[in-house]
Structures are given as C-alpha cells and as structure tokens.
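Both complexes shown next keep chain A, but they swap its partner, so chain B is in the first and chain C is in the second.
Take a look at the complex of A and B:
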C-alpha cells in the first residue's frame, strides 16, 4: 500500500535528508527530537447533532473531524428461537454476566472521506481498515455496544479529513477517532432484561461509551491509537512529516491500546491478541504503569521506494565520465551504494530494527505514554 | 413530523419563534485552517458548513480523473482556456442529518449544487486573471438544518475572500418560502425568510444569491411547486435577505482583517484607515 503523497524532492535532497536522519542523534528538518510529536489543537463535542464528535488540527495545518452516530439495531439470530419455552417471565434470567455480552465486528461501520480521493480509492479503504482493525482488535469494543440479547447499538463512525492530505493522515485520523469515541455518549437504558429497549430521554443522564470515574472524571479504559513510526538506518523516528516519510526505509502503523484490567490477566489475553507480532515481542508488550498493549502492526509502503535514484559523479557524463560505457557495467554501478548518492530503499525491515521499534513504542514514558497523556488533558465536556 | 402551519396565522410566529422576515443566527469565521489558501466556517442556524479553497494553482494531473468520475462540478472554462477553472466538491458528512444517511459522491443533487456554486462563483471571481489554472473549492457539510445551498454559497464566498482571489463582490445567498403549501392555494400567503429543515420539507421555497449590494441575481433555484403569483413576494424577500447576509459576511471579513492588523500579521495597507481601528 503506497502512501500516495509524493514530496517533490530531487535525489540530492533525498540523499541529504536521509543522511541527516541517519546521524546519531538524527537531525530532523523541523528540529524535533526523534520521539517528539507535532503540536496539535484538539476539541470535542463540537457537533450537538452527533453522539460524539471531535476535531483535531495538527501544526502543519491538517485538520480532521470525526462524528459518531449510534442507532439501535436488532441482533441477528439473537434470542428469537429460545424464548417461547420458558413460559413464565420469572424463569427468564435477567442478570446477564459479562461473558454473555458478545459483540460482533459489523456493529461498527467506519467511513473515511479524503478530499480529492474517491471513497473506493485504495488509500481511503486502507486507512479505514487500519483504524477499525485497531478498534476491534482488543475484542472489548463491540461488547460495549451490547444492549440486551435481542438488541445492540450500531455505531457509525464518519471520519472527515478537512484539509488537503499534506502528510500521511493516519495518525491524525486515528487520534481524532480516539477523542470522538471518548466523548461518545449513549442514552441511558430504562428497560430491563430482554425487553424492547426503552431509553431515558434526558441527555444529561446519558452514559459514556467509555465510562469514567465519578471522582476525577477520567476514563478507565480508552480506545486505541494508531501511530506512525518510521526507521531510517538504525534510527527510529516518530510522527514523520511528509519530507521525512519520503526517505523512510520502513514505515509502520502501530496500534496501541490501553487496558484497565490488571497486568496479570492481560498477559494471557495479549498473546492471543497479537496479530502480526510473534510471541517474543509479547513480553515487551506489557508495561506495568499504563498497561499498554500492542494491538496491531502494519507496514506501510513508504513513498521513498518510488523515488528516482541519484547518479554518482563517477558515472555521470556531465562530470566527465566516459560516454562509451557498456550497458551492463552501468547497471552494476547503479546497484552499488555510493556515499551521498540517493538510492531508493529495497527489501523489508531488519528484525532488530523492528524489535527496537516495538520496544520504543511501548516503553514507559515513551511516545505512546506522551500521546495518551496529551489526549487525557483534552477537556471532554 | 409534519409541520403545523395552522398556528402561524394566530401569532404570526414560525415554529422556531421567528417572524416572517427574520434570519436565523448566522455566525461565520474565516481563516480557520492554516494549511489552506483560504478557509471558512459558517453556521446558519443549525446548518454548519466548512470550506477550504486551494488555488489558484496549476491544475493537477489528478483533477481530470476526478472530473471524469463525476466528482466535481466544473465551471468557468476548462484548464486550457484563458480563464481559471472553478472546481467545487461537496462532501456531506454521514452524521450531518438527524438520521445517519450516507450520500454517495456521485449523487445527482450534490452534482447540481456543485455546478450551481461553481457557475455562481466563476461569475464573480476574476478568473481571467489566472489562465491555465484551477481554483479548488471543497465544501464539507457538518450539520444540516435547511438552506444548505445558501450556506454553501456563503461559505465558499468567504473562503474565496480569504484566499485573496480578486472578485467583483460578495455572492451572498439566502432562502425564502411561503407560509402555506402549494396545494392550499392560498393567495394571501405571506413570504418567509430563511427556511429551516422542517419548513423546507413542507413549504414551497427558493434559494437566491445576489451579487453584493445590487439586486442582480446570481443564483435562483426553486425545486418546489408554487403559484406564480406568490413568486414575486418570495423573490423580493429573498433578495432583501441576501443584503442582510452580505452585511454579515462583510462584517466577518472586516473584523478578521482588523484583528490581523492589530496582531501584526499583516501590514496596515492603503484603505485600512477607513476601517476605524479601535
């Protein structure tokens, strides 16, 4: 999957950027440290017509709005067959324990709108899939939409990118979705058991989809966030700008969830929830402080692969190289890496870099912590 | 829920408590987004739209593909012509209406609105100053409560002002309706200004855009049946409403300009003296 935005950079500029980002510590074009996020402006509850909404503006001017709408839907094949047998209402068990609350992934529908791109474009579909995948990966999300054995909430997430896509919009869209879900409220259920659902029409009594503490108003569990991470040489760089992504050796979308349950029970769950990660990294996935969990990793085809290569002076006819070179020799010369000459990266990520990357995402006080802290501070009104 | 118009004749108040010639609360902002050449946000009652303008710029290679798929309404000549092309694309968010409804991008109503806005703006913008270029206007509908086309035109005008594209005057738009349905055949029906969603669904209505303070009509869209005798009254009310809207848009632009001068974002230029900076 190519992230389609091409930065119009010459091979010489690409080589310079690549060299600057490969230094230890890397020097980024905008002067950030490798694990520093761009500043952002966020607000929630901007649209009273939705169940939850959020808007985020990044410092580079990209802006996204997410609106969440919920509808009551009848669960397919849920309960219909079995009720007739019981006869008396007292025999129907009204207390449903948590194990019975099951959700299905089609209870969530997500659409992504990017200006200038068709909605069936590969980029749009891929972005939507990545965000919904992260959301559903922990299995606990669709369970929140359970009303009773016959009905559930159907959640529609509409993600709008307002600005032209200047950089790869994945982190922006994911963070905005995160905030919108945190601000989402569903009407309080008044009916009991498996009756037809009947709701309290007082919006002030509506329950948050992600319930929060009475005392400090902070949520206990939180929806996942997907971050963009890239590697240049042995350096790992977070939240790359467009120009940085243009020279990336590897680009990854890493989804992180936060869990309120104790670390002990999380250990068992995690191994099964790992999607693209082998079990050796599972140990790194659990940190005690925040209980971060790695939900999914996806590689993103960096645009650097499609960039034209530079020509070394030795083979450049403008610099006095012999014009009478034979064709096969010229090709071998091109394949060799020459210091300071841009060559599009080939092949996949090194396993060591991948391991370091995952470790860095999940480490205590790392970037994921920082981002979640920042989102924590947003007033959820 | 059907609209009860019987109560109107008693107190001469509409469902939302307005009189016949009152606009809803209108609030607008310009330069809402740093990355765009021009941007605006506009509320007319509960109708909320955002606009982002890119350009005038070289028409991208992507544009022709989008145009072919019916994604944009294009007016003001093609890219090769001596005039800039005004391409409008409207995205109606799924969460904008009360019941979530997904509108496909090729929807005929949206296409018509796109070409209406594009033609109206191409008439006011000095497109001949930018040959071989494109002005891309992308509109996002965040919330709908009637008068959608009018809100979109106003937002697009503000964003074009923000983008600094020379134009003859504001294209200010407004809707007007009539207090009774076509079927009632009531000749004495009063005209109404600025319809909301409920009124728009039940009553005959039209959308008018005028060029600045003049009475020159740039857009006139009427999609409902109405007796021709009522049309004149509706049109007069709508044109009057457009003048009020123009005042509001003008105030938004001037306020923003004044604030930018005060903050030192731009230098105080010629003619700013008239703006009474306090």
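Take a look at the complex of A and C:
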C-alpha cells in the first residue's frame, strides 16, 4: 500500500538523505535521535458532545481530532422478544461468564477523514483499516461494549486529520484514537441482567470504557497503539518525517496492545469490581509488569520505490558523456551502485531487519513501553 | 525519553477585554457579528445580558488587531483601502480579504496576512523545484500562487556554448532538469497575473546537490525569510564540518549544502573563456553527490534545525540570525548531556535558542 502522495524530491536530495540516515548513528534531517518522536501537544475532552475525544498536534503542524460517540444497539442473534413477562425472571442470570461476553467487530464503526483525499481513496481506507484492525484484533475491545445478551454499545469513531497530510499520518491518528478511547466514558448501567438497558443520568457517574485504578488514576488495560517504524540500511528509525520515509528501505506499521495479564480485567464490569475489592494487589501486579502484545504488522510500501534514480556523472549526457548510448549498456550501468547517486531500493525487506524492528518495538523498556508511559501522563480531564 | 507530550497552551486571557480605541466603535458595525460564528463566550454572555450582540472585541493593546476575511474593518469613509482589503459595491465599508493584522499608514488601511504565499519580484533569488517538464520550458514550484516557468532558452547549456536551442535540446530536456530537481534561479520577468519567469544564466545559479532542503513559510507572522543584502553565503562549520553553503531563497525555500569549489573559484585559477566553459559543464547538471563526511552532514542538519527553530518561534531568517543562531546552537550542544553531537533543536530547545537570540 502506497503511503500518501510521495514527496517530490530530487535524486541528489534522496542520495544525501539516504547517506545521512545510513550512518551510525544516523543523522536525521531534524536532528532527532533514531528513537525520538516529534514533540507533540495532546489534550482530551475537547468535544463536549462526544463520549470521549482527543486532539494531538505535532510540532510540524499536523493535527488530528478524534471523537467517540456511543449508542445502544440491539444485538443481532440475541434472543429478542423471547423473554416472556414473568417467565423471563428465571432466565436472567446475573453473573455472566466472561466467555459469554463476546463482541463483534461491527460494533465499532470508524471513519477516517483526510483533507484533500476522497473517503474511498485507497490511502484513507487503508489507514482506517489499519487502526480498526489493531483495535479489533483480539476481540478484547468489542467485548467492552457488551451490555447484556440483547444489547450492546455501538461505537462510532470519527478520526479527522485537520491539517494537510504533511507526513504519513498513521502514528498521529493512532495516538489520537488511543487517547480518545482512554477518555471515553459510557453512562453507568442501572438495569440488571438482560432487561432493556437503563442508564444513570448522572454523567459524573459514567464509567470509563477503560476503567482506571482509583489510587493513581491509571488504567489497567489500554487501547492499542500503532507505531510507524522504518529502516534505512541497518538503522531503525521511529516516527519518520515525510522526507525520511521517502528514502526508507522498509516501513512497518506495528500495532501493539497491552495485554491485561489477568485476563479477567479485560471486561469493564469485572475490572471496576476488582478496583473496589482488591485494588492494591491487582494494580500492583499489572503496573509492575506490562505485558506488551503484538497485534498486527503491516508493511507500508515506502514511497522510495517510486522515486527516479539519479544519473551517475559517467552516463550523464548533460555532463559531457557521449550522447549515443545503447539501451543495454545503460541498464548495466544502472545495476551497479555509484556512491552519491540515488538508486530506488529494490526487492523486499531482509528478515533480519524485520525481526530487529519488531524486537526494538517490543523489548522491555523499549519504545512501546515509553510511548505508553508518556500517554499515561496525559491528563484525561 | 523518546516522546515528549506537552499540554496545550492556555488561551490568551486579555482577549476578552473590549478595546474602545478601535477604528470603529461597537455600535457602528454591530450587525457585522450577526453573520459569523461568535467564539468569545464570555463576551457573548455579556452581550446577551445587555440585550444586543457586540462586535467581537479585538486584541487590546493597539499593537496589532487581527481580522478575518469578510470582516468589516470600518465603514468610516475617511479611510482609504490598501492591500488585503476591498470595498463592496455600493457601500463605503472596508472589508478585510485576508486573515491578518491591520496596519495603518496615515489614512491608508491595509491588512498584513498572517500567512501568505510568496509574491515574486524581478531580481529575487529563489530556490525552486521542478514539477513539470514541458516541450520548451519547465514549470517550477517556488511557493507562489502560480508555478513559475523556466524556459529552455534561459539556462546555460552544458559546454557553455552560446548557441540557438535546437530540437535535440528539446528532446533531451530532462537531462538538464527533471521532475523533482531543485534549482536556484533568479526571477527575470513577471507576467501581469503575477506569474514569474526564471533564469539560471549565471554560474551562481543552477541545479542543487550535496545538501538538504527545507521549506519555511515566507513572510507573514514575523517569521520566515526576508529580503536582505545577502541571500547566499558560505560559513565555516564548527567541529570539523568544513565550509557549508546556505542559500536562503526569498520565497522561503532554503538550501543548505556542502561547499564545493565553485566555478568562480576555478575561474581565478584558469584563464580564458573556453576553460571557464569546460568547468561549467563539469558541475552544472550532475545529480551525483560528492563524498560528504559525517561531520559535515551533522553540521548541515544543525543549520537546518536553526532555520526551523527560527521560523517556529516567529523570528526572521536572514544571514545574521542564522549565523548567530548557529553559533548559539553549537554552544548549547557543548553543555548538552549528549555532547557536541547533539543537534536536536526542536520543541523546548528551539524555544531556548530563540530566547537567547532575542535577548541579545
């Protein structure tokens, strides 16, 4: 999948960028270290009409807003109308097993809007697919939307990129979605069992979709995050800017989730119950050992493949080389690399590089850990 | 820490204070706020309480007032309209056509846009990127409202021969400049509609290589590249970086590259017009970079960081500021925890740099 419109760069620039990024340590155009992200401004709760919302603004001016709206929907295949008055009383089981709480992926509807691109543009569709895929990969998320056997929450996620796509917007959109979901609250359920859901009017009593620990206000489980990682030579670079992506050998979108180690915490009600009962032990167990999980990996077709190759001085007619050159000769000249001349990368990614990329993301105290920690610190007002 | 997440900046608090020293007082154009969205809730509530709507108060202090397109600046006929304003037919009110700050020169009202595209002027040194190749000319993106054009007849041919451009040249037009290529040129001529015609008929101009490009917004908001005495200079980089060329295009496109011995340098060594021509052909249309050491690359990235930090903090970009900023950045890196190799100048570090530069 091609990543947005490719940046138009001259072969000389591409050769320079590639050379600079292949050094050890790489020299990035904006001077960041390989694992450093662009500084970003984040806030939540900016849209009063939504269940949860967030805004993230990168220092380069790209900005995204995500709004989450929820509505109650009747579950298809649930036993609609089967409960007869009176007779249903026995059927209503108050404690439902976790296994029974199953979500479906169509409980989440996601729209991605990128200025200047059509809704059915391949890039937009692909971005939306990648973000929703990470969210729905393990079924843990849609399980949170379970109300009872007959009803569930339907979640609408509206992801808007406000600025023109100056760089590949995937990390920005994913981080914003993550924050918005963390800030999402659903009204507290007052009804019990499988009766028609009835909710508490008091918004202050609303429950967070990702319930948090009362003591330190931190959540026990977290929505997934998709990170953009690229490799140039043997260097692994995080959060690439547009011009960096333009010379990437490999670009990967890696989605990671935090596995709630004690699987029981995955469901909303149980987690809140646990918070009340034995918050100390549970919270300690979870915060101390973050259990990162790889949810999905997608290769992004780096725009570098479409770039024009540079012409070495030896074959440059404007440079003074003989004008009459046969085609086969030109081809052999292209095959061998000349220093300082840009050649678009050919072929696939090396397995070793791919493995190193994934390892770097997932390792303990690695990037994913730190990104999640940083997002933790955002005030979820 | 790879990620720094900052809290959003608080809204300006002085925004709500009504400015009675406006050109137009509130009663004059009370109707102007009826059509648009009112964003100032505090003021709106106050207006509601008083039973009528108020014009959005402008930023107090009198230094600058921000207007948006379509906003009535005044309907007092004593004012004359300047750039960025228009007078609707049949009325006397002056309306802003851009978002920007009001400037008053005697009785002339004009609006300086916050963001503007580059307006070419004859003689400007610009950095451009080829976006289109046509039969006899190239179309060049110079950050203006329209693409500039570079005719085939306005470039130096390799070999330096002065001759008529032939069909052969037209056929191999891409060997000179292809799509995406960067070049430095001069604005030779302007069309009525503001489109520019460029030329590269000097040894100073031509294709760019051996370096890095950065686009900063030209003019508006105080930041950006300004026209100055010298747009191109060579500096001696710190920590063994060697000489580095900086080209500040008036259009806000900046090119920073390793300095290579220019043809002018060769001119002094050689003599005679034919030798000069030979040397021209040697560098003119090459897309092959020379060998560039990591030290040079690091310093080029540092200069790029200085330029972006200047723009991010609304400072002007010219030779003086870039040089001072660069020396300051080198000093800052010395005391940084990472060491002299630390070239990152984003976020807080950029603000720090700007603070030092404005303090002097």
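The working rule: the second predicted complex is superposed on the first by the 342 of 381 C-alpha atoms of A that agree within 3 Å, B and C clash if a C-alpha of one lies under 4 Å from a C-alpha of the other, contacts with A are read in each partner's own complex, and residues count from 1 in each chain.
Just so we're on the same page, a contact is a pair of C-beta atoms (placed from the backbone, for glycine too) under 8 Å apart; a residue touches a chain by one contact, two chains touch by 3 or more.
All values derive from a computational prediction rather than experimental measurement.
Three-chain overlay on chain A, with chain B and chain C in a clash.
When the two structures are aligned on the shared chain, A:65 is found in touch with chain B, with no touch to chain C. Of the two partner chains placed by superposition, A:365 touches none, neither chain B nor chain C. When the shared chain is aligned, chain B comes close enough to touch A:50, but chain C does not. Applying the stated contact rule after C-alpha superposition, one finds that A:211 touches neither chain B nor chain C.
More residues of chain A lie in contact with C than with the other chain of the pair chain B and chain C. In the superposition on chain A, no contact is made by A:193 with either chain B or chain C. Once the two complexes are overlaid on the shared chain, A:10 sits against chain C while remaining clear of chain B. In the overlay built on the shared chain, the residue A:116 is in contact with chain B alone; chain C does not reach it.
Note on the superposed arrangement: chain B collides with the chain C stretch 37-45, while the other options among 1-9, 37-45, 181-189 or 235-243 stay free of clashes.
Touched by chain B in one complex and by chain C in the other are residues 57 of chain A. Residue ranges of chain A in contact with chain C, taken from their complex: 8-13, 15-17, 19-20, 23, 27-33, 35-43, 55, 57, 59, 238, 307-308, 310-313, 316-320, 323, 338-342, 367, 370-371, 374-375, 377-379.
Listing the residues of chain B that touch chain A in their complex gives 33-36, 46, 48, 50, 52, 54, 62, 66, 69, 71, 89, 91, 93-96, 98-100, 102, 104-105, 136, 138, 140, 142-143. Residues 1-9, 129, 131, 158-159, 172, 175-176, 178-182, 207-214, 281-282, 284-292, 294, 297-298, 301-302, 304-305, 308, 312, 342-348 of chain C are the ones touching chain A in the complex. Partner chain B is touched in their complex by these residues of chain A: 47, 49-50, 53, 57, 60-63, 65, 67-69, 71, 111, 113, 115-116, 118-119, 156, 158, 160, 162-164, 166.
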